[in-house]
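This structure is in structure tokens; I'll ask about it shortly.
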Amino acid sequence: MGILEVKGVGKRFGGLQALGDVNLSVQENSVHAIIGPNGAGKSTLLNVLVGKLIPDTGSVMFEGQSVLGRSPHEINQMGISRVFQTPEIFGDLTVMENIMIPCFAKRDGSYRLHAFETVLHEKELVAQAEQILIDVNMIDKREMHAASMSRGDKRRLEMAMCLVQEPKLLLLDEPTAGMARADTNNTIDLLKEINEKRDITMCIIEHDMHVVFSLAERITVLAQGTPLVEDIPEKIKGHPKVQEAYLGQAHG
Amino acid sequence: MLGLNKKDMNLLLLVAGLVIFAPFILNPFPEGSELAQFNAGYPDLMQRFVIFGIFAIGFNILFGLTGYLSFGHAAFLGVGSYAGVWMMKLLTMNVVPAIMISVVVAGLFSLLIGYISLRRSGIYFSILTLAFAQMSFALAYSVLTPLTGGETGLQLSLNDPRVLGISATETGSIPVTHFFGLEMRDSFELALGSWLFTFNAGYYLCAAVMLIAFYLSIRIFRSPFGMMLRAVKSNQQRMKYTGLNPKPYTLAAFVISGMYAGLAGGLMVSMDPLAGAERMFWTASGEVVLMAILGGAGTLIGPVLGAGLIKYMENILSKINSTILHEWFAFMPDGIEDVMVTLVYPFIGKGWHLTLGIMFMLVVIFLPGGLVEGGQRIARLFRRRGAKTDDSGAEQSQNTPAE
Amino acid sequence: MSKSTLTRRGLLKTSAVAGAGLATPTVFGGAAWSAGHTGFTNAPEGSTVTLGFNVPQTGPYADEGADELRAYELAVEHLNGDGDGGMLPTFSSKVLDGTGIMGKKVEYVTGDTQTKSDAARASARSMIEKDGAIMITGGSSSGVAVAVQALCQEAGVIFMAGLTHSNDTTGKDKKANGFRHFFNSYMSGAALAPVLAANYGTDRKAYHLTADYNWGYTTEQAIKESTEAIGWETVNTVLTPLTQTDFSSYIAPVLQSGADVLVLNHYGGNMVNSLTNAVQFGLREAQANGKNFEIVVPLYSRLMAKGAGANVKGIFGSTNWHWSLPDEGSQAFTRSFGTKYGFPPSQAAHTCYVQTLLYADAVQRAGSFNPCAVVEALEGFEFDGLGNGPTLYRAEDHQCFKDVLVVKGKENPTSEFDLLEIVEITPVEQVTYAPDHPQFAGGALGTCNPGA
Amino acid sequence: MDAIILQILNGLDKGSAYALIALGLTLIFGTLGVVNFAHGALFMIGAFVAVTVSRLLTLSHQVIDETRTDFLGNPLKVDVPYIYGWFGESTGAAIIDWAVPISILIAIPVMILIGVIMERGLIKHFYKRPHADQILVTFGLAIVLQEIIKYFYGANPIPTPAPQAFVGSFDFGALIGFDANSIIYPYWRLVYFGFSMVIITAVFAFLQFTTFGMVVRAGMADRETVGLLGINIDKRFTIMFGIAAAVAGLAGVMYTPINSPNYHMGMDFLVLSFVVVVVGGMGSLPGAVAAGFLLGILESFASMGAVIDLIPGINQVIIYLVAIVILLTRPRGLMGRKGVMEE
């Protein structure tokens, strides 16, 4: 029984079958990659997992509980965090505040009217946030507006924000898109470290096969909304169906 | 001190100093001088400054922090006013219960309207709040006349059934509003040479309430809650995926700012016990938006400055007439005097709207951050001049939020 | 240009000379606006007295406010002995001699009511608190008049109402410190009904469109009662929102309703638009119940007639005063005003001018600026020569009783000011009512408040 | 039945004013992304173009008429328009009579010019600014414009009648097979309705069938892409602003015979037209037109005596009530696109 069990999930948008009968099982503490050509339904699946979309059929269980019908913040509080393709951070706030917010979310839950406390008086949380900033090597940027940072810094910040919450499952949407090779390798190392040291299960959507094969323990290949095959990386590499799907797309 | 850092404490002390010494600061010109026209240190206007300051501070908690632009906030001020007057009619002329009921009623009303309106965002939210406020105005002006006084406004009368008090004084007048016996219109006058300063009880009550309101707003700005509100403005998507529910935060901000508006309404009727329906018209809602933006939305002190400026123009500029103009320019030769009067006349007195419109445009065009930004620019100018030798004195990154 | 100053208190002028820097704290128990020494608010000390003219300067009634202000300036001029004296020579009381009021030169401050009760009160308070005004006057709507009147009562100054036509001003919202020269809804009804009966017969069916606020209610009630008394039937009454600009959807059903008279209980912009729309829909030429369809506008003003243009032709209404009145006082005022400004005064200008004179006269007769003395002098005061024939300021409700004019839109106006012609001067007896008349029930004058 | 048809006519008539203003408003919003609070002022300026034209046509010299006297007893000075002297009295009078239609010809270039100046001089600098700033600056502009008009024309409404040929009303019911005198309707209101249909059709046709319009529509859908194609979209948008101003101005010119124009008529329509735009869906042209007519008709029905008797005060709030219901049930208005103005 995996930490995340997706069974028979289907989703239609008008005439388009975006997802059809998707089954997926993600094992605890593993890194699971979802790959597939453009339009295969990867993003739709991710949106179903985080509660942004409600599927027409099927079930999604996380640690034995259904996530369907819950709103995104509830699903997050269950332990699922998401990193976006384009970093989603609080651009108008400082780097420190960006980190503090998940600290509060972790401690206080999805809503608390703490209107007469003072952020900076929460010594414990401040110390925690500072430690994280030191960990990700951003402590000297703590008072910067997040929006004014480089794209790479924004990615690191977003990752750090997700890690603050100590999620059980981290969903990553093309975490290395647009990166130079050296940065990509750094990110791979970072993710590996996170996976191993913090015991966080990861589910990655990725185009870059180098990243996928460096990280993933299992790979699911999606095509036209349905899983073609799920297996360990070695087997995926030479799988005829996969090659067909990718090559077919590449040439067609 | 008081849970504030040094900078905020200084700001609070500065504001406290300004409101305490307002009777001096606002009356810089000696009585009888030509410039006495510009004195604003009389009770009514001073009260208005701080009351509208409260209103704008509250509005800013919603708009400045969450970015939700309510175009119907005057409705809460109006509802608070009506509740306050009814309290005076039915219970007592002591202003404390009136102010309390104003806050409570405005809070409940804003809870209802906020709950519905916050189902939408952006301009759709603005139009929903506008629609509710316009409905409130239209009904208060017409079919709800028995409850609101309609066109005339809700006022006290000689036969109010005041439970804890008298319907009429021995001399046959309506009793006056008071704070445990201290009449709101009591004043102490100090004549210093040809200057006259008025210290009004009502003003100081309003000022005290305003300082508390301002203090609370600083606390909210610096609180985790305030940070969450800014997160709502910045990125609701990320907020949701951080496990936070933006709705209750926004609704809480809406209700808090509605209660601030109710507080302002309660104070208004405590100073002058009549509640007119016009204070709920959409232009009144627009006015508080303008106050916030003019002063600097999202800053602590900005809305107060904006409120002060607009009320000053409304009350001082509109009273200047051509006779006064002629007096000002009387020292000039006759021909030039007339030219000057002709040039200035369209902008004052009945033309004060024109000046207001021009000022809005100038501020938005040249000072997008409002008056606060203007102040910052001037301060920076001085700082740069002071530290000219310091080569690294380049632009500091503007990372101090919400000054 | 003479250098006059707008002082708050004459005392200060002298104390400034006597010793600058000398601190003289004063504590007042009671009222903020009390001047302490003479026992009433803003007692004028020194050689001047300040009056507060509170008129709409912005908003839809700004032109009416401007005309009121012209009249006030003229009145001040005449009181101070400048100009041709206007109505002073025709006024039956002869105590005013052109030396100001009780020898004090009259000065004034102005404010903008914005035709909002809140703004009007703020402006009035500023004139009382800041400028030391001893009397507030002006306004062009009943909401404002009632609100400011209540304020003046509390503050302890006299309020001389400007244009306010609602019964409430001297009915349920009357105040001891407030006085109204202008006529009211009841008088309009009482004056109009006989003329309507004579011109349109007694067998008529009326359809009312009424502005949905206090003034509209009292006017509808007054016209309804007085026309029903002459035998008319009221078919329907429909309330229209203040903010309405296009009245087509209210006018269109009128012809189908079986009515043959449309009464427009509207004022200002509402009236201009509703009348224009009614004429557009052909009501003026229409036939109903075998008679010519007719339109009635209970309260006319020249500015409204100007706004409605040719649509007013032949339409009956009532007004407080008109410049074409032949009596000596009216002629003198029209001449004086017309010479100074180049066009004849409106009824709003007239009532404001007269109110200022009446106040000044009352102070002079009472020998004191004390509001209670002024109230006493004005209560039951009978006078003549101010344009409406013999007039009584009734003590019971502080309402003036005088002749009322029934007018109709002129067919061939000679100028843009010559839009109304007088049909009948309704004698005062016909428009007089008992102080406890049901339309005026509720409320009490209270006692005069001198403030201190 | 007659009553209902009458109210539908009234609703269409009111709706056409709403639709014309909302059309320009949403055009500006859709193309430029600017919330224009000065749009009501453009409507008002259009009306005052008509006032100005009729004043210019009646520019007069004074002739003293010894037989009559003015109010001060002096010989009456009668105004005689110069135009009488140039074209003879009857032709001159006819030209003056047709002042409002003549104003249409003059209003088109004047309004386009005003619109272009506004866009180039002010609005251009606000494309990238927050909507709140746009609202504030255009609101300031609206106040300035209306105060200028007030300074020159006063606050009182100024009657501006339609040509004699269109004054009054006729039996519309008889035309469509109802009993005589059951549906009497004013000529000019039908003219107004027809005129607005022509304008609306023209705007849609312009956007649909010209290359210019196609580029603008593409720009409304996705401004950046069109910019990347190397098309000078800014210039076209400036012209679009001019056209939107002209639409509002023409709505104003034609409105003058219906209600005498005054300086604040723009503000009276501003809030309403915003409600119309939002109910229609921000940035949707068909939505704006549909919502304009819908709200006009509903407003007319709500003002029927029977309806008011049933629900007192309904005529005061109907527009806002409908707006609330629509926004709560259809989050983006009748025809709005996703993601517009929601942040």
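Just so it is clear, A, B, C and D label the chains in written order, and each chain counts residues from 1 on its own.
Note that contacts are C-beta pairs under 8 Å (C-beta built on N, C-alpha and C of every residue); 3 or more make two chains touch, one makes a residue touch a chain.
This structure is a prediction, so every number in the text was calculated from the model and none was measured.
So, comparing each chain's Cα centre against the centre of all protein Cα atoms, which one is closest?
Nearest to the common C-alpha centre lies chain B.
Looking across all chain pairs, point out the one with the most C-beta pairs in contact.
B-C
Just give me the whole-number Å value for how far the CA centre of chain A lies from that of chain B.
Roughly 46 Å separates the two chain centres.
Express in whole angstrom the distance between the two chain centres, defined as the mean CA positions of chain A and chain C.
74
Measuring centre to centre with CA averages, how many angstrom lie between chain C and chain D?
Distance between chain centres: 35 Å.
For chain B, which residues are shared contacts with two or more other chains?
In chain B, 138, 141-143, 353 touch at least two other chains.
For chain D, give me the residues that contact two or more of the other chains.
Residues 316 of chain D touch two or more partner chains.
Spell out, as numbers or ranges, the residues of chain C touching 2 or more other chains.
62, 212, 239, 241, 243
What does chain C use to touch chain B in their complex?
Chain C residues touching chain B: 1, 3-9, 12-13, 15-16, 19-33, 57-58, 62, 65-66, 69, 108-112, 116-119, 121-123, 125-127, 129-130, 141-143, 146-147, 150-151, 153-154, 168, 173, 176, 212-215, 217, 239, 241-243, 443-444, 446-447, 449.
Give the list of chain D residues in touch with chain B in this complex.
Result: residues 35, 122, 125, 129, 131-133, 135-137, 139-144, 147-148, 151, 271, 274-275, 278, 282, 312-313, 316-317, 320-321, 323-324, 327-328, 331-333, 340-343 of chain D touch chain B.
With touch defined as at the start, can you tell me which chain B residues reach chain C in the complex?
So the residues of chain B touching chain C come out as 30-34, 36-37, 39, 42-45, 48, 138, 141-143, 145, 150-153, 155-159, 168, 171-174, 176, 183, 185-194, 196, 198, 200, 272, 274, 276, 278-279, 314-315, 318-319, 321, 323-324, 326-327, 330, 337, 349-350, 352-353.
Using the touch definition up top, name the residues of chain B that touch chain D in the complex.
63, 69, 116, 119-124, 127-128, 130-132, 134-135, 138-139, 141-144, 282, 286, 289-290, 293-294, 297, 346, 351, 353-354, 356-361, 364-365, 368
Provide the residue numbers of chain A that touch chain B in the complex, in ascending order.
Residues of chain A touching chain B: 50, 71-74, 76-77, 81-82, 88-94, 97, 100-102, 104-106, 108-122, 143-145, 148, 161, 165.
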